[in-house]
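The following pair of complexes shares a single chain, subunit A, combined with subunit B in the former and subunit C in the latter.
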Partner chain A sequence: MKVQRFLPRDRFPSLLDRLSEAGYDILGPQVRDHAIVFDTLASVDQLPLGITDEQAPGHYRLSASSSGRYFDWATGPQALKPLTFVPREPLWTSETRDDGTLVFRESPPEARPTAVIGVRACDLAALAIHDRHFLHGAVPDPHYRARRESLFLIAVNCSRSADTCFCIATGDGPRVRYGHDLALSELDDGFVVEAHTGRGRDLLDSLATTEVTLDQLQAAEAGSAQAADQQHRRLPAGSLPDQLQAAVAHPHWQDLNDRCLTCGNCTSVCPTCFCQTHVDERSLDGREAHHARQWETCFNPDHSYIHGVTIRAERPQRYRQWLTHKFGTWVEQFGRSGCVGCGRCITWCPVGIDVTEELAALCQAPDTAPGQAPDTAPGPVSGAAPDRQEPGDD
Partner chain B sequence: MTSGLLPHEAEVVDRQDETPDMFSLRLRFTDPEIQTTYRFALGQFNMLCLPGLGEVPISIVSDPDDRHAIDHTIRQVGSLTRNLGRLEVGDRLGLRGPYGRGWPAETAEGTDLLIVTGGLGCAPSVSLIEYALRRRSRYGRIHIIQGVKHAHDLIWRERYSAWRQHPDVEVYLTADTGDTFWPFHVGPVTQFFERIAIDPAHCSVFLCGPEGMMRTVIQEMVRRDVPAGRIWLSMERNMHCALGSCGRCQLGPKFVCRDGPVFSYAELAPYLAHKGV
Partner chain C sequence: MITPQRRPRLAVHKFSSCDGCQLAFLNLGEPLLDLAERVDILHFAEAGPVDEAAEVDIAFIEGSVATSEDAARLRGIRERSHYVVTIGACATAGGLQALRNLNDGAAWIEGLYARPEHIDLLADSTPIAKTIKVDLELWGCPVNGEQVLGATQALLAGHLPRVDHSAVCTECKRQQTVCVMVARGTPCLGPVTSTGCGALCPQLQRDCYACYGPAVQANVSALTTYLADTGMPADEIARRLLFINNQAEPFQTAGREWQARVIQRSGGEETS
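Take a look at the complex of A and B:
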């Protein structure tokens, strides 16, 4: 049974106190460098009170809101991804002994119990995708697991969408449905708090809350409805995997050649991208070596490099990989699309490329205007490949 | 069993130079317990690690039933493979594996085998050929077509002659560029197709090498009505984890490290039709 209580605004600080007492480090949203980021939260005074975000393709600004609420913004550039799939993770260290023998030692992650306040439905949906990737593959990832299991998640139901949000279209928001311990709906005078796990319930029980009134519940629902109404971006109807597969040689990809900078901002901010590069370093005396993994982007030509050949050498091929993976082949890999509708890739694209618009164009039959597809292979099993263009050529 | 990201120490127990830029290493885990529990299937690969330099995927060429050591044949192309080439007997390196899905040797039992390889570094095909010859009675006729760029790249001339000694085994060798001491053919692998009688209902086709070559052979096999599900390819992609995690080896929806590196053409057809996928 759902447990819902009302936490008056003036008692909100006690939530942080209880989390501290329970031994959690607390992370929460705050303004830094003109953006909302998650960082150590010592007091509710650090929360972005009365601040809202204006987002549009290639545009992000913070401004004062009239509401006097803490969570009157939609999304910052990052939320949970850097906490669980960290930008750089040491994996192991090796030592070369005097006799030339080697010892390899795993580098266990230092994961402290951490409570995160202010994550959104889209962030939790993305987390569930990463859980599937890192925990439920053939070999569960111990680094991800340790970080993931250290989290206590306090979500917030959005009552306002940014212009770039489209979680309605992906089915992931705006209401929080799973993955959280507690969910907050912020009202003017306090929070409707809902417990979703046993430990969430324990925490809720330790707070001086009151019974929720029908008015408060309706106000919370109205907030979600408002957030949903504000969204206007949509995804094309029909199966995106099928349509993207059919669009593999669509002339529209070439159009991206003139716009996409292949900077990789979209894959950095995307909460579901998981690509990695493994890097190695040696100490100066050569005795110790460190092996780490770090975030990688399929926009980097090295992503697909094999000796002598870069498979996705052309810009449109790399854009095609990003979009086709995220909205197409992801479904075969994970049983759902890789997009949770957070809109970050649209906001943080320096040139304002909008995935929803690109998808709409790609799901249209190519018009008669001649364009060039990102590959020139004429059709199935063409053997007319130029030298050094293909894997295995030397 | 070593299956995570942590390499285990292995020792070079033997080393053989094959050509000026190819060599073979025989490796053994230094921990006897790891060595005795280590099992692999035909066509799987390991990650070989030189601490501080990195890791590379390399196919296993020894026989899956040989539990004493693990053989790799490596071509020196870049920094890591060159440094592997400097290893001597007794040297240590990191090893983890085995990974991936290899050749469907059992599915192919009772059929004729057509094994076409192009370029060098076709270690997967060598392991397959040796495997089948050691179990000769399980397979029908065996046609081996090996093409390379230069005549001097055709390593193991003795092995080719040894393969020919087996009953019902044909070996066709060709180089794009010949040399004075080259008694075989010059030209693409496809020149042999006219000479080979294939029963499409009872053959298995195995391919490894440049994708352009594999496409050409597939085209020919499809034309001869060989079912797409009986044509097998060993693919190469960039690999950092070999566990289906780092995303680097993606080919359409496939993680080549985990779902491959061997695929049937039926599985890959939609993704091989276009470059840069």
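Take a look at the complex of A and C:
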């Protein structure tokens, strides 16, 4: 049975106190460099009280809101991904000993128990996708596992959506359904707190809460309904994997090439993209080498460099790879689309490319796609035949 | 592979430049001392040793070729060096001083110097690779010391260093720096610029001005079209592209195209 309680606003700081007493480091949203980012939280005073975000393709601005709430914003540039799949981390060190033998030493991840306040339904949906990839595959990733298992997650139900949000279309929000320990619905005078795990329940029991009223529950529901109503971006109807497979030679890819910078911002902010590359640093005497992994993007031509050949040598091939993987072959690979509708790739694209619009154009027959002249449209993008795209290709 | 019989020898040569790349080398601090214990640094005027005629395993070259004397000296260095590595924008792309290539350099000299006949300049300032074969080019204005150290480590181990071809944005995101273009509306050249700097400027909430040169397959026209659509005048777009790496493609061609639009406009001819 769902355990729901009401935490009055003036007792909200006690949530942080209980987490600290339980030994957690606390991360939460705060304003830094004109954005809401997750960082160490010592006090509720650091939370973005009365701050809201305005998002549009290629556009993110913060402004004061009249709400007097802590969570009156939709998404920041990142949420959980950098915590579990860190941007750069050492994996191992090798050393040549005097007798010429090699020794390898693992670099174990440093993972302290960490509570994260303020994650959204889309972030949790993305985390579940990462769990499937990093934990439930043939070879679980010990670095991801250590960090993942250290998390205590306090989610927030969105009561407003940014212009770029489309979690309704992917079925991942705006209400939190799974993956969290506690979920908060922020009301003017406090929070409806719902426990989803045993340890979440324990924490909730330690707070001086009151019984939740029907009015409060209805207000929380109304917040979710408002967030849902505010979303206007949609995904094309029908099977995206089928439609993208059929669109592999669509002239619209060339149109994208006129706009896409292949800078990799979309993949970096995408909470489900997990491509990585490995780098070695060697000591000057050549005896020690440090092996690390770091975030990589499929927009980097090096990412498809294999045996002396760059498989996706041209820019349109790389954009096509990202979009067809995220919305198409991902389904075959992971049983669902790789998109959770957070809209970050739209907001943080420096030139404001909107995946929902590109998908709409790609799912139309070329002769009806806006701005296309079929008789002058370029042919299929060379070199990356669709039948070479394996399900395991990431 | 550099012969193991003796300590590897290094030289750092200077051509037309500001010395900033040599300083980046010097600023390495302790790793430079480690390096000095493993190799013989025979020529590095900024640091002390001077023996320009020395035969070396790795010759680092700062600066561009600006005079006929530069060109002759450079050919000699090539003959006496196993690897030639350019360091910085001047040596790799001609540098800021190559702005004269795009203008009437002779007129500038006439206007600046009391006795212009004493100035012996080639018509163009050119990257080192236009005069001699270069084994490795390191971009940046200036290069960073880590990059030079990494290249040295790799060459001493007998291979070329790995060069990250991704855009500055990729590194910016790894650093979790908030995008200055999206969050502040500051036009940034990061999306078309090669990383290597560690996304230094955006970390300080500044826009990237492309000092590490173009990213591989940089989509300059996509970015500049967007900048123009969002209000940047053509002459400013041209200036941004024709800056520190004005000789590097695709910056040069795109920069000249935007420059041409300005000239056409000022000539009364409307362009789209």
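Here is the rule we go by: the second predicted complex is superposed on the first by the 365 of 394 C-alpha atoms of A that agree within 3 Å, B and C clash if a C-alpha of one lies under 4 Å from a C-alpha of the other, contacts with A are read in each partner's own complex, and residues count from 1 in each chain.
The rule we apply is simple: a residue touches a chain if its C-beta (ideal position, glycine included) is under 8 Å from a C-beta of that chain, and two chains touch if they have at least 3 such contacts.
Keep in mind it's a predicted model, so treat the numbers as computed, not measured.
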Exercise for review: Would you sort A:Val103 into first (subunit B), second (subunit C), both or neither based on which partner it touches?
Suggested key: first
Practice item. Considering only touches as defined above, state whether A:Asn265 meets subunit B (first), subunit C (second), both or neither. Key: second
**Study point:** Contacts of A:His325 with subunit B and subunit C, given as first, second, both or neither
**Key:** first
Practice item. Figure out whether A:Ser63 sits in contact with subunit B (first) or subunit C (second), or with both, or with neither. Key: neither
Review point. Between subunit B (first) and subunit C (second), which, if any, makes contact with A:Gln218: first, second, both or neither?
Key: neither
Review point. Touch check for A:Thr210: first (subunit B), second (subunit C), both, or neither?
Key: neither
Check your understanding: Looking at the overlay, what does A:Leu284 touch: subunit B (first), subunit C (second), both, or neither?
Key -> second
Review point. Between subunit B (first) and subunit C (second), which, if any, makes contact with A:Ser239: first, second, both or neither?
Key: neither
Exercise for review: Please work out whether A:Arg32 is in contact with subunit B alone, subunit C alone, both, or neither, and reply first, second, both or neither.
Suggested key: second
Study note, to complete from the structure: So the subunit A residues that subunit B and subunit C both touch are 280-282, 286, 296, 302, 314
Check your understanding: Across the complex, what residues on subunit C touch subunit A?
Key -> 31, 34-35, 38, 149-150, 152-154, 156-157, 162, 164-167, 169-170, 173-179, 181-185, 188, 190-192, 205, 215-219, 221-223, 225-226
Point to revise | Footprint of subunit B on subunit A - complex, ascending | key: 91-92, 94, 96, 100-104, 106, 133-134, 137-139, 141-142, 245, 248-249, 274-278, 280-282, 286, 289, 291, 293, 296, 298, 302-308, 311-314, 317, 320-321, 325, 329-330, 332-333, 373-377, 379-385, 389-394
Review point. For subunit A, which residues are in contact with subunit C within the complex?
Key: 32-35, 37, 58-61, 77-78, 82, 87-88, 257-265, 268-269, 279-286, 294-297, 299-302, 314-315, 347-352
Study note, to complete from the structure: subunit B contacts subunit A in the complex at 3-9, 30, 49, 51-55, 77-78, 90-94, 118-121, 149, 209-216, 218-219, 222, 235-238, 240-241, 243-248, 250, 252-253, 255, 258, 269-270, 272-277
